[in-house]
Structures are given as C-alpha cells and as structure tokens.
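Worksheet: one structure, shown below.
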Amino acid sequence: MKDDFPTPPVRDELKKRVVETPDGQTIEIDPLRDYYCQSAPTVMPAAYSKIVEGLFNWARAESLWILGFGTGCGAIEMRPLMTPRFDAYRYGIQWRPTPRQSNLFVISGYLSVKTLKRVIRSYEQMPNPKYVVGLGSCTINGGMYFDSYNTITRLDQYLPVDVYIAGCMPRPEALLAGFEELKRIIRAGKAEGANQYAEQFDWYKANQKRVIHDWDMPDYNW
Amino acid sequence: MRDLYDRLTMAFPLGELTEQRPDLAFVTVPREQLRSLLLHLRDQEGFTHLVLLTAVDWLEEGHFQLTYLMNNRRACRDLGVRVMLARDPASMESIHDLWPTAATYQRELREMFGIDFPGSPRVDEDFILEGWIRTPPYRRDFDTLKFSDEVFAPRPGRASSDPAEFMKQQLYPDKT
Amino acid sequence: MLYQPDRSQYPSRKPDGSLDIDLSSGKYLKLWQGPQHPGITGNMSVELTVCGDEVVEGKTHVGYLHRGFEKLMERRTFIQCFPIVCRICVPEPDFNEYCYAAAVEELAGLEVPERAHWIRTLILEMGRINSYLMYLGGQAGALGQGVIGQWTTYVRDLMLDRFEELSGARIYHMFIMPGGVRDGLPDGFDQRMEETLREIESTLADVKDVMFNNAVFKKRTVGLGYIDPAIVDQYGVTGPTARAAGIAKDVRRDQPYLVYPELDFEPVVGQDSDVFTRADVRRRDLLMSVDLIRQILARMPRSGAVMAPLPNVLHWKIPFGETYIRGECSRGEYGYYLVTDGSGYPRRVNVRGPSYTHAMALLERLIVNCNISDVAALMVSLHTYPPEIER
Amino acid sequence: MSFEWIKIPYALLTLFIVANYGFLLTAVMAKIAARVGRRHGIPVWQNYVDLIKNYGLRSSITHGVMFYLGPVFRLTGGVGLLMFVPTIYGSEMFSNMSFAGDLILALYFVFFGSLGMALGAGESGHPHSAIGVTRGLSQVTAAELPFALAVYAVAVQYQTLSVTEIVAAQQGGILHWTLFTNPLAVAAAMLSFLGSMMRPPFDVVLAPQEIPIGPPTEYHSSYLALMQTNRAIFPIAKIVIYMNLFFGGAASWPVFFLKVFLIYLVSVIVGVVFPRFRVEQSIRWFLIWAVPLGVAAILLV
C-alpha cells in the first residue's frame, strides 16, 4: 500500500527546548534522545548448558507473571481467573503491575490503534523471554470488528504471538487451557518471541508505523 | 408536550413538532435561536438536564443535524432540539458555559464529524482518535471497510458478504 | 462531614482560563495514571499534574477502546446490529441489548409480548447485580482491601452461572432481541436463582461487616469526592452517583419502562455525596435488585409467547423516524438515540452512557485538590466503564 | 574471646535455613491470606520457581550504579540484622555474631535496607518509585519511633543493650517474657511491627492501585530476585528481634519456627481484612496510638 499520510507535527512536549533548572543552570533537553534509549533489540542467546536452559524454561513456564494491562473487553474474564472459582495462582500465574516484572502479555481482545501504541511500548519494556497471548477472535482476524477503522485485525503483524485463544469472549476455562498450552511451548523451548521480534525488527516496525500515523516515540524504547 | 410547544412558538420560530411518545418530542430550530431556546428551556421550563448532544449526517441533503436532547426531571419528559447545519464548513457555537459536560460532546463531534465549536475547552485536542488525518470517521462518505482493508492487512481467508445476497444464493442458487 | 478543599497550593490561572503550570520549575510533576495501571478502571488514563501529594490538575484521556460502533452499525442491517451492540459495554451488556431492541421496536411498530417484558426486566436486574458486585470489589480493591473483591467475584460467578443456563454465555448474552427475548426460563431456574440470591445476601452481610463497618475504610472514604447537589444537572450526573447526593433520580420510577410500574420499590437515596455514601447507596441498591428479582419471579407469567413475529429480517426496512430510549443501568441513565431513514440500515445510532459524563467533566473537576492515593478510589466511586465512553 | 573461623560456616548455615524458611513461610502466609478469600493460593514452592525464573531472565537493564546497589543494600540490611542477633538462644552454632553488636546496631540495620532502597529506587528515575520512596521513608520513620521507644523501655528494664542478655533474662517460664513483665512496651512494638511489615493497612508504599508498585517499579530480573530473597530473609530477621526482645527467644529450631510463624501471622491476620491508610493517616495513627504506649512503657519501667 502506498504510504500517503503526511507526517503530523511533533507534540509540544517532545520538541527540543531549553530549560532552566531550579538551581539556576540552563540545560537543553531533546526529549526523544534524552528520555528514551534508542537502540534496536538484540537477539539474546539461551544459556550455554542445555540442562540450565531446561531448568530456566521450566521455571519460566511455572511462573508466568501477567502484565496487568486490560487492553480490551477480555479483561473482564481475567478477574474471575484471580478469584475463587478459577484461581489461576495455583498454576503459578500472577499479575504484576509493571512491565519490568512481567513476562507474559495477555492482549485481552481487540486493540485499537491508540492502545496498540501503548502495547508496543509496554511490550518492549518487558525483560527478554517474554510471551504474548492473543485472547479472543478479534486478535486473530478482527472478529466482530473486521471492518472497524480503529481496531487492528491481525495481532501477529505487530507483535510475535505465541498462543491464540479463540472465542468472543473466551471462557476462563479456555484461558486456563491456553496458558497450559503456552507452558508446554515454553518448556519445549519454542517460545522465543522476543528473539523473533529482534530478528525481524524492521518488518515489525514497518508494520507498526503503517498503522500508527503519529509515531512520536523512538523506534525502540526499553 | 403540545402545550409546551404552543408556549415556545410564541417566542421562537420553531419548526413542526414531532411527537414520538407522550414524553418525547423533537422540534427544529434555526441555529441563531438555539442558544436562547436552550437557555429558556433550562431556566424557565425546567429542562435542566442535557441528556445528549449528537449529530446526524444527512449526506444526500448536504447538511448535518445536531440534536440537543433535554430532559425535564420534574415533569419526566424529554425534548429534542434539532439544528440543521451546513455541511461544509461545519461550525456551531459552543454551549459549554451552559453545561460543562457539553464540552465533552463537542470534542467528540469535532473529531468524529469535523464540526467545529470555537471556544469550547480542549476542542482541538485529540479525544478518541490519535493522529487522525483522514475524513472524520462518522461522516457518511468515510468508508470504514475500505479503510480497514487498506491499512490493517486483513488475514487471508476471511470473506464477508451482504446478508440478503448471501441468503439468496444459499436458498435459491439457480436464480441469478 | 464536608470536604474542605485547600486552595493554597493551587497554581494561578492564565487569562484564557487554563492553569499556569510550569513543569520545569520543579514544583509540579506530571503523572500518568493509566492506561497500563492497576488503579484505573479499565483501559483509560488520567493525566495528573501533582504538587507534592496533591493533584492540581487532572485530564481524562479516553479512546483506547474505541471500535467505532456507531459507524459499524450504519453498515449492518437491523438484525446484524443485534449481536454487536452488547459488546459496547462489557460489564453490563444487557442494557445495550434492551435499549437497542426497544428503539427498533418503537420505530418499527412491533408489539412485544407481555412475558418477554418480564424476562427482560429479570435480565436487566441480574445484570445490575453483576455490575454492582464488580463495583464493590473494585472500590475495596482501590483501597487495598483485596478480599472483598474475592468474595464478590465469587458470588458474581454464581450469577454468571444463572446467565449461562439462561442464555448459554457468561458475558455477552445476546438474549434480548428486537421483538422479544430468545427463550423462556429453563426448568428449576427459580429455585437455583433463589439459592444464588441467598448466597449474595449472606456475602453482602459479610461485606457490610468487613468493608462498611471498617474504621480504616471509613477514614479513607468519608468526605472524599464531595459532589455538590447543585452541580448534578450541570454535569449530567445520573444514577447512584446522583442519588448519593440526595437527588432521588431513578429512571425506573420517573419514566418507567418494561414492568417496573408493577413492581414495588423505592429508589435508594443517600445524603452525604461522598465516596462512602456512593458505595453504600450501591450496596443498598443491590439488595433492592435482589428483592426485585424475587418479586419478578413470583409474579411473572409462565406461559405465552416470548417473541413477536418479525418480518423477513433480510429485507427489514424501518420507516423514517428518530427516537431515544433510556433505562436506568447500574451507573446511571443509559440511552440509545436511533435515527432511521427508511432503509434496511440504521442511519445513526448514538449511545449515551453515564460514564461519558462521569469520567470526563465530572472526574476532572473532582480530582482537583485530591491526594494521589485517593485518585483510584475516587475514580472507582464514579463507577465508570471506559468501553461505553468511547464505544 | 577469640574469633573462631568455624562461625562463618555456621552463620551461612543459619542464613540458609532462615532463607528457606522465609520462602516457605511467605508462601504459606500467601495461602492463608488466599483462604480468607476462599482461594487455594500459590503452591508452597512457588517462591523458588519465581526466584529461578527471575535469575533466568536474559535481559537486565541498569540505570546506574546505585540502581544496582539498591537491592544489595537492602539484602545487606536483612542479612546484617540476622547476623547480629542470636537466632537460637544458647546454641553455639546459631548465635552468629551476636557477641558483638547490640540493640542499637540492630535498630540501625532495620533502617539500613530502606535507605539503600531509597537510593536505588531514586536512581531508577521512575516517578512512581520516587513517590514510593518518600512515602516509605516517612512511614518507616513513624513506625520506627514506637519500636525504638519500646526497645529503650526494654533496655532500661533489663539494664543492658545486649540482645543475648535480654534473652537470658527472659528464660525460665512463660511469665518471664517481656510480654508479661512489660506489656505496654510489647504493645507499642507490635503496633510498630504492623507498620513495618508492608501489609495493609500500612502498605501504601507498595500500593499497586496508586503507584504501581512503588520503589521496585523498575526492578526486574536478578535485581528483583535479590529483593525477593531479601523479602524472605528480612521479615524473619525482624521477627527474630521481636522474639528475642519480647517473647523469650527460641532455644531450638522447632520453637523458633513456631514463634516466628505466630508472630508473622499477627500481621497477616490484621492485614487481610483492612484497606490501607494514606501515608499521612498512618503517620498520625502511629503518633496517636503507638507512641504514647511507648512513652508510657518507658515511664512505667
């Protein structure tokens, strides 16, 4: 597709500016350069020893820390998972409030373009073996919102997805089954989404930029 | 409703009253009279609650219809005030000083229909969409399916069809 | 006890009315609460400018959940719209189905059977209970009392079971169709419902002991987020939030719909208009819903049609017209504004959700001069669901 | 008294036992809290798995030297606290370094971790960390005050600052415990204990709904693993002090396990049903309720 969108103007808070600090110094701030770190992700190798990597993979599978970011309507079925009937804590699944401490991103439902931008930032901030579960039909092919101007139709164009859970909306049992499937993949050492993201970084980035018209952040920010 | 209409026509050049239900009616007013009508309704007639403010795009006739739906809580009835606007360039005076919550509606209309409300707070900021540069999406001449197909790279294998045509082919495959 | 705002830290205003906040002075800090933030209700964000521990300005940002329903419905036939409307508001989807169905019925001139009215009322009250249970858990959770959320979500699951045996789905029921409802009640539904209601009542008694009689909870919430009854109409405040301010505003009583005229109830009204009163009003409203469900089950007709005969839905054209249907959902007044132009597609649908006014103008006003720690509690107390703001 | 090198492996053994007990204990406490919410909760070995996973994460981002040193300081606080109090009274193996150091040193170590954390979290540059640190320091200061008063009351009561001697004075029956000889001091100290365990109603420092999740916001992978280790050791070490000062110490490991469990349980039982105070409310609470108790304890001795 021809990229015929003009570049929108840079936001005020991202422009270069000269600031006087409280102690009287004058400094120049270039937010895009100073506030973010802009270097592409690298492929991070597995541990040298196969046994160690196996142990790590087992531990990763048994301790899935979900980022507490309800991106869509699927978030409503995440709550029963934390509570008595389904109690996902039994399987080592916990919710963490910051991206730094979580290693599983559950994209709970459709992603609007505005959310996609935040999702990419959150995803890039998560530490390296990181997994993405696409929840609901709308992450697979758009589902009910296949013709909406504001929701993406395929999640795997923008982020590497490990497991899809179909349904609208998927039941908590389906979620638990999906997490078990993810655990199986991790234990087998096949869930290398973060490395795949690093390898095909340019492709992902081009896809993301085609959708997000006002790309006012660095290409990679962790 | 009819008595209210009779009272209002004394002071304002109103259009025909459409009585949808005993407690709901719609009336058209020229845009110059809108503000004074709303003020009159709010202060004299007890229509204190602005239920919604929205627009309808009559593309074929070439104008926008703005609907201000007012609710009188004590008498339990609603009056919808319609205003017709030229479609291009669409602009309307703001009523955010009458109801602070109207500013939100006006931001949405500015973004979704491209109707300008000069003076309304934060009206030019992004509200729902971010960095949108195409036709405002709620206008009738914006084709959402075409846009989605172009931008979002749909997964191959998914087809959608017109339901009437599809059922016709399913039920009567031999007829064209 | 009224909240006395302390304006001493407040920055001065510029001539155009905006606040004079110079971030580089080091006196103010910009904090984003959301969208990735556990203290936010759903996927929205509040941009806070804080001075010390105090918020001097808050701006709500929404749009993270925008799917463009009002546009999508314009290119779907009337019956195709029916399965997607419930997706507009996730925690309480039934109101979308009811308002849409009632709007279409009114414009198309369909007569809905009496029994369908009763079943619709039943469903709406069940949905209200779900929504309130979620709210109670969220309100306690925003103050760090996670155990209330566990208890209420447990009984909410029981209520979802009842929904499941009724409609086959937990969240999106798609049960109220234009023309009636999909089906009658299954066998033995009343008895299982009664057990669920009893469980809910006993849980609520526990919640009252642990949450509402808790000294810390009272200390945090009494006097917080005071809404002056005088601004209720200016800001379009409806529902329990308005009732907590002493304004007995309830669509179920004021402009009764479905079978509410035949039911015996009185709107729950509070006085103090703070977070505690709002939570208390919702708890009592929930108990009232439990009572309403009992009344409905005792008095509803057990036989008869549940569906009016529909025309061929593929060629269903509705004449020119416009209408507005409203109902009292758990957050306030929920309404659909539907315009038809004689074709098989709606010309324009506008959804009026209560969160739209609560989360934007009202929240931005209330949040000023509030402590950072109280932002989450304040936001939850307005009971906003972002999907209905941006649709 | 000459230093014996055998003390070092003994100390490491103590550390090992305490760390493992801490991991299991926090998991059991999480399970107990989950039972109140009618859940089963995490498996008891979950903390170990989390620890291995956090060490196994591949990327680790640093924000500067202090960011790295923050968890190290915090761990030092926990380990140091544990080392300078007798874990098992009367046992040559597990009294560690308690021949040196006294209560004042222990009090210092209680505070040491918070200070280190403040430096590290401040370096991470996240506004939520900074807010959490300011809240944490002000609240810990307020919570330390009644504890310090109680400690002075105890020191005056037994006329010594040495933990070992205080424990020795409490031997010989349950009625010799400070709990019964000086109940006011114990009450003040237990209120302070609630405040320092980072559980509701005093967990506004880590409140995920307000400042997710406070000081550790930016910490991940091995940094977080270090902090997890500390979160297993530090509460135990702290409880050991309480046990020695107020509850007669422990003469053997089973008694130790039981007493630590019960003291820990106090904070969990209180925490599970309470919402959290705002920071200024909790400071006021300490000043109004706990500090007068501590003053009264000193006056009564």
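Residue numbering begins at 1 within each chain, and the chains themselves are lettered A, B, C and D in the order written.
Criterion: a contact is a pair of C-beta atoms (placed from the backbone, for glycine too) under 8 Å apart; a residue touches a chain by one contact, two chains touch by 3 or more.
The UniProt protein names, listed by chain, are A = NADH-quinone oxidoreductase subunit B.
As the structure is a computational prediction, the values presented were derived from the model and not from experiment.
A.B. asks: Report back the single chain whose CA centre is most distant from the CA centre of chain C.
C.D. replies: D
A.B. asks: Quick one: chain C and chain D, Cα centre-to-centre, how many Å?
C.D. replies: Result: the chain centres lie 43 Å from each other.
A.B. asks: Report the inter-centroid distance (CA atoms only) between chain A and chain D in whole Å.
C.D. replies: 36
A.B. asks: Can you check how far apart chain B and chain C are, centre to centre, with Cα atoms defining each centre and the answer in Å?
C.D. replies: Chain centres of chain B and chain C, defined by C-alpha means, are spaced 23 Å apart.
A.B. asks: At what distance in angstrom does the C-alpha mean of chain C lie from that of chain A?
C.D. replies: Between these chains, centre-to-centre, one finds 29 Å.
A.B. asks: Could you say which residues in chain B touch two or more other chains, in rising order?
C.D. replies: Correct list: 128-130, 137, 142, 144-145.
A.B. asks: Of all the residues in chain C, which ones touch at least 2 other chains?
C.D. replies: Where chain C meets two or more other chains at a single residue, that happens at 37-38, 63, 66, 68, 71-72, 75, 149-150, 154.
A.B. asks: Residues of chain A that touch two or more other chains: which are they?
C.D. replies: 68, 83-84, 97, 114, 147-151 - these are the residues of chain A that touch more than one other chain.
A.B. asks: What chain pairs are in touch here?
C.D. replies: Pairs satisfying the touch definition: A-B, A-C, A-D, B-C, C-D.
A.B. asks: Which positions of chain D touch chain C when the two form their complex?
C.D. replies: My answer: residues 33, 36-39, 127-128, 131, 200-201, 203-204, 207-212, 272-281.
A.B. asks: Which residues of chain D touch chain A in the complex?
C.D. replies: 34, 37-43, 46, 49-50, 52-53, 56-61, 208, 212-213, 216-221, 224
A.B. asks: Sort out for me which residues of chain C touch chain A in the complex.
C.D. replies: For chain C paired with chain A, touching residues are 24-26, 35-38, 42-43, 63-68, 71-72, 75, 83-84, 87, 90-91, 134, 137, 149-150, 153-154, 156-157, 160, 170-172, 387.
A.B. asks: Applying the document's contact rule, which stretches of chain B touch chain A when the two form their complex?
C.D. replies: Touch residues, chain B against chain A: 128-133, 137, 142, 144-145, 147-148, 150-155, 157-158, 160.
A.B. asks: Write out the stretch or stretches of chain A touching chain C in their complex.
C.D. replies: Listed in rising order, the residues are 19-22, 67-73, 75-77, 79-80, 82-85, 95, 97, 99, 110, 112, 114-115, 118, 122, 144-145, 147-151, 168-169, 171.
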